[in-house]
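Shared between the two complexes below is chain A, which has chain B as its partner in the first and chain C in the second.
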Partner chain A sequence: MKPETTDSALVEARNLSVSYGAKRAVDDVSFTIPKGRVVGLLGHNGAGKTTLMKAMVGLAQPQGELTVLGLNPLKQRVQLLQSACYIPDVAILPRWARVSDLITLMSGLHPKFSADRARALLKRTSVKLSDKVKSLSKGMVAQAHLALVAAIDAQLMILDEPTLGLDVLSRKAFYEMLIDEWCDGQRSVLISTHQVEEIESLLSDVLMLNEGKLVLSISLEDMDRRFVALSHDASVAEQMAAAHPLLKYRVQGAGSMNQASLFDGEPPPHVQALGKRMRPSLVDLFVALTRKPELDRTHF
Partner chain B sequence: MNNLLPLMQREWLQHRFAWALLVLVPLALAVLPLTFGQVEFDSDVTSRAGPDLALMVALIAMIITTAVMFLILWISSIFIAVGTPRRDHGDRSIEFWMSLPTGHTESLVTPLLVHLLLVPAAALVVGLISSVAVSLLLVTRFESLSGWFALPWGQLLAAGLAVVARVMAGLPMATLWLLPVLLLAMLSNALFKRWGLPVVAVALGVGGSVLAQVFGQPWLLQALGRVFSEAAVALVGASGKGLKIDANEDPMAVLQALPAWAAADWLAAVRQLASPAFLLVLLLSAVLLAGLVLWRQRGAGHSA
Partner chain C sequence: MQTWDQKQPIYQQLADILAAQLLDGEPIEGQAMPSVRALAGRYLLNPLTVNRALQALGDEGLLENRRGLGLYVTAGARDRLKAAERERFLHTEWPRLRERLRRLGIGAEQLNWEERA
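Let's turn to the complex of A and B:
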């Protein structure tokens, strides 16, 4: 993502690092999140996604510069959380509480929480107001938590793997609610997930972390312009390899052109002539930029 | 602290059934034997009490019921309060609570207000009300219902309310005296999890004994003794005159003197706050609370 003016950026990070003792969980990252964007935060386990999100809501001590909604997350955490909502994990509702208790408590604790909206969202799920959290399945707890958070009139939603444990119908319902009802061009969402293929169509931007470092920060429009994927026959694989693609992989259902190579930037014309241009998927780009180089995915 | 009421409401929603059990179970244990059993006094007691036996019995029943109810809820509330830093870690809901716009200080202090002040105060009121029912059962078992109604309920309730008000007014002072020990236990619980209380017990108890016996430095045990004794007299007995009823005293005279005694006793407890020891207690408490807030700011012991 190109740096936006401060006026339109909801999140600005410059040279941001977060350490736990000797371990650097987030290492010198810089990015901005403008208004009205749905940003995917991608990375392997331990890449630093959760740490970055915690720093954004004042639950981790960063070095460097970080402002969220114009506020310092550490020093103005309470004020920030009145306008930003955060799901650190969906399986963390207090087990002693009934769903109605949580609505009562959030009505008192969150100035922008709407109890009526929460009840309306819960009606679309299989969760009843009288249910105790400890009697709910993991998926139902996730549905309840998402309904509660979606009832907050926040400018920024930070979601750490929000659909973990949800079945495919519930995931789709959540994404539809997010895009159709919550995203209005002024609010932004930062969402981390391992279900990259499912979420790709919703995203406007992507941040990729690898071992704490930001390896890619780009809009999906710019991604399509910058990265080139060429599907080709296996017979030209060596010539393709000589052009040093980011990634070589198999393509399903492509007939004889069942191999593909992914390039950062336009490959030379003689290489482009060997294959057929196709749109690179976010998954393949993620693998290309975060895999260990010694692993060759074309050989099993 | 505009989140005070919702945070207090959280304590009510989480603990209301436990509180109900702590009130009802001892009450049932007291009431059931009285309902089906017999009450008898030996001749020595009946001859000494004379016509005031029913009054004495009602008074003792009220004192014991109220005191037991208060002690059960106060002690259990202290244990709940000491466990609050880690209570949301078992189900990981600490992450849910930390994702809400509540300050670290108010999240730590509000449970203390509820469990160390409000719940014991409510226990006193509930205890006093229950004690009237217990006295009814007790007096009617050995005398009669009309005998219970004939008791001087105006003076009894006035005296009961005076004593309850004295203890209730002393609760904040007693809590402040005990606060360094309680906050130390909380911080130890935060840092050492289930080893927290044993660590504090060993550090203070065994450590204090070793300092006194081996190194001739009794100051830790003396400080602990001072803190506990000041907390006790903050509740009752600060004037040096305990709540005693001499066998030769006219019970009615005692009842009528109780409100004045309660007021004087409370004032004596307030005067005892004007001491360097109390200032040190406040300073220690502030440092320990700051430590707890810092612990919570750094993630409450819950890493990514």
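Let's turn to the complex of A and C:
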């Protein structure tokens, strides 16, 4: 992710690490998040996603450089949280409260929270102001939470697995509200999830973590250009394998061309001639780049 | 949720969907296209992807940018689309269909050209 100009960057991390005792949860990562982006933070459980997000809002002590909205998250946390909002993966709303109570609470707590905006956002959902949190379904709670957070006039939203445990319709409603009501070309959102396939089309950029290390930081547009996926016949599998693809996998509904190989960069022309070019999908890249190395060559 | 295949870039798939709608008169010529945000919300796409799709339709002369107002369907967009579709049918689909008809031994006289069976 390259910012057009440095001042358009909302987040800048350089050689950033976060350790818990001897364990490096985030290991020497550098990246930039410019304005107006939807950035997916992908990684297996324990890859360091939550830790990285915590560091960005001053909840974990990092080594290296980290600037969020031009501020130091650890030292200027109060100031930062006026313009950055965060839903942690363990977020809960008080069960006894009514939604209207939460709006009153937020109005008192946050200088940039707009109660009118929150009410307008909630109108999109089936959540009523008089509803108690404990009477809401999981999907409704997630939507109420998003509405409360999106009613903050902030620059950056950080969402740690916001759709975990939600059914498909609730996830869709959540993403719809995020795209419709938050993304205005200026504000950015960083969102972590395991639903890689589902979120791909929403993203402008992706950050991929594997065991604390950043294995990929790229815009989806550049991803399409850099990685080449070729679907091919089983009969040419050996020639494909000889060209060292990142990943070999099966594809659906492509007739006899039911195998595919994913390459980092253009494979040699004689290899390209053996297959048909496809769009490299994020989930395939995710599998290719976050597998454990020792598993890499035992399959296929 | 809308699913996107792996054959083409997502923006191209959206451009195809929007072109098919234009052919059906949605929206009709001279009318405004839905906003980038509306399309992004409807198809759950990143706005940048929507922009690329609209750009592609603009490059084909189907949409025009009216300064300060947004994108509008150009006059003659449907004719242009229909011509492109006919071209594609005659050069890509018809040879395949003809081949299949030959293989099955079906002649023109055996085909029902009327609306009803």
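Here is the rule we go by: the second predicted complex is superposed on the first by the 287 of 300 C-alpha atoms of A that agree within 3 Å, B and C clash if a C-alpha of one lies under 4 Å from a C-alpha of the other, contacts with A are read in each partner's own complex, and residues count from 1 in each chain.
Please note the rule applied: a contact is a pair of C-beta atoms (placed from the backbone, for glycine too) under 8 Å apart; a residue touches a chain by one contact, two chains touch by 3 or more.
Since the structure is predicted, the reported quantities are computational estimates derived from the model, not experimental observations.
**Q** For the three-chain model obtained by superposing on chain A, do chain B and chain C clash or fit?
**A** fit
**Q** After superposition on the shared chain, which partner residues are touched by A:108: those of chain B (first), chain C (second), both, or neither?
**A** first
**Q** Check the contacts made with chain A and report whether chain B or chain C touches more of its residues.
**A** The partner making contact with more of chain A's residues is B.
**Q** Applying the touch criterion given at the start, work out whether A:223 contacts chain B, chain C, both or neither, answering first, second, both or neither.
**A** So A:223 meets neither chain B nor chain C here.
**Q** Is A:38 touching the first partner chain B, the second partner chain C, both, or neither of them?
**A** second
**Q** Quick one: is A:87 in contact with chain B, with chain C, with both, or with neither? Answer first, second, both or neither.
**A** In the superposed model, A:87 contacts chain B only, not chain C.
**Q** Determine, under the contact definition given at the top, whether A:180 touches first (chain B), second (chain C), both, or neither.
**A** The second partner, chain C, only.
**Q** Of the two partner chains, chain B (first) and chain C (second), which one does A:95 touch, if any: first, second, both, or neither?
**A** In the superposition, A:95 touches chain B alone.
**Q** Report for A:57: first if it touches chain B alone, second if chain C alone, otherwise both or neither.
**A** first
**Q** Report, in whole Å, the shortest distance between any C-alpha atom of chain B and any C-alpha atom of chain C after the two complexes are superposed.
**A** So the smallest C-alpha to C-alpha spacing between these two chains is 26 Å.
**Q** Enumerate the residues of chain A that count as touching chain B in its complex and touching chain C in the other.
**A** Common interface on chain A, chain B vs chain C: nothing in common.
**Q** Would you mind writing out the residues of chain A in touch with chain C in their complex?
**A** 38, 168, 172, 175-176, 179-180, 183-185, 198, 200-204, 220-221, 224, 229, 251, 278-279, 281
**Q** Please name which positions on chain C make contact with chain A in the complex.
**A** Residues 1-2, 4-10, 37, 40-41, 43-49, 52 of chain C touch chain A in their complex.
**Q** Touching chain B in the complex: which residues of chain A?
**A** 20, 25, 50-51, 54, 57, 59-61, 77-82, 85-89, 91-97, 101, 104-111, 145
**Q** Taking the touch rule as given, give the residues of chain B at its contact with chain A in the complex, in rising order.
**A** Listed in rising order, the residues of chain B that touch chain A are 3, 5-7, 9-10, 13-14, 88, 91-103, 298-299, 303-304.
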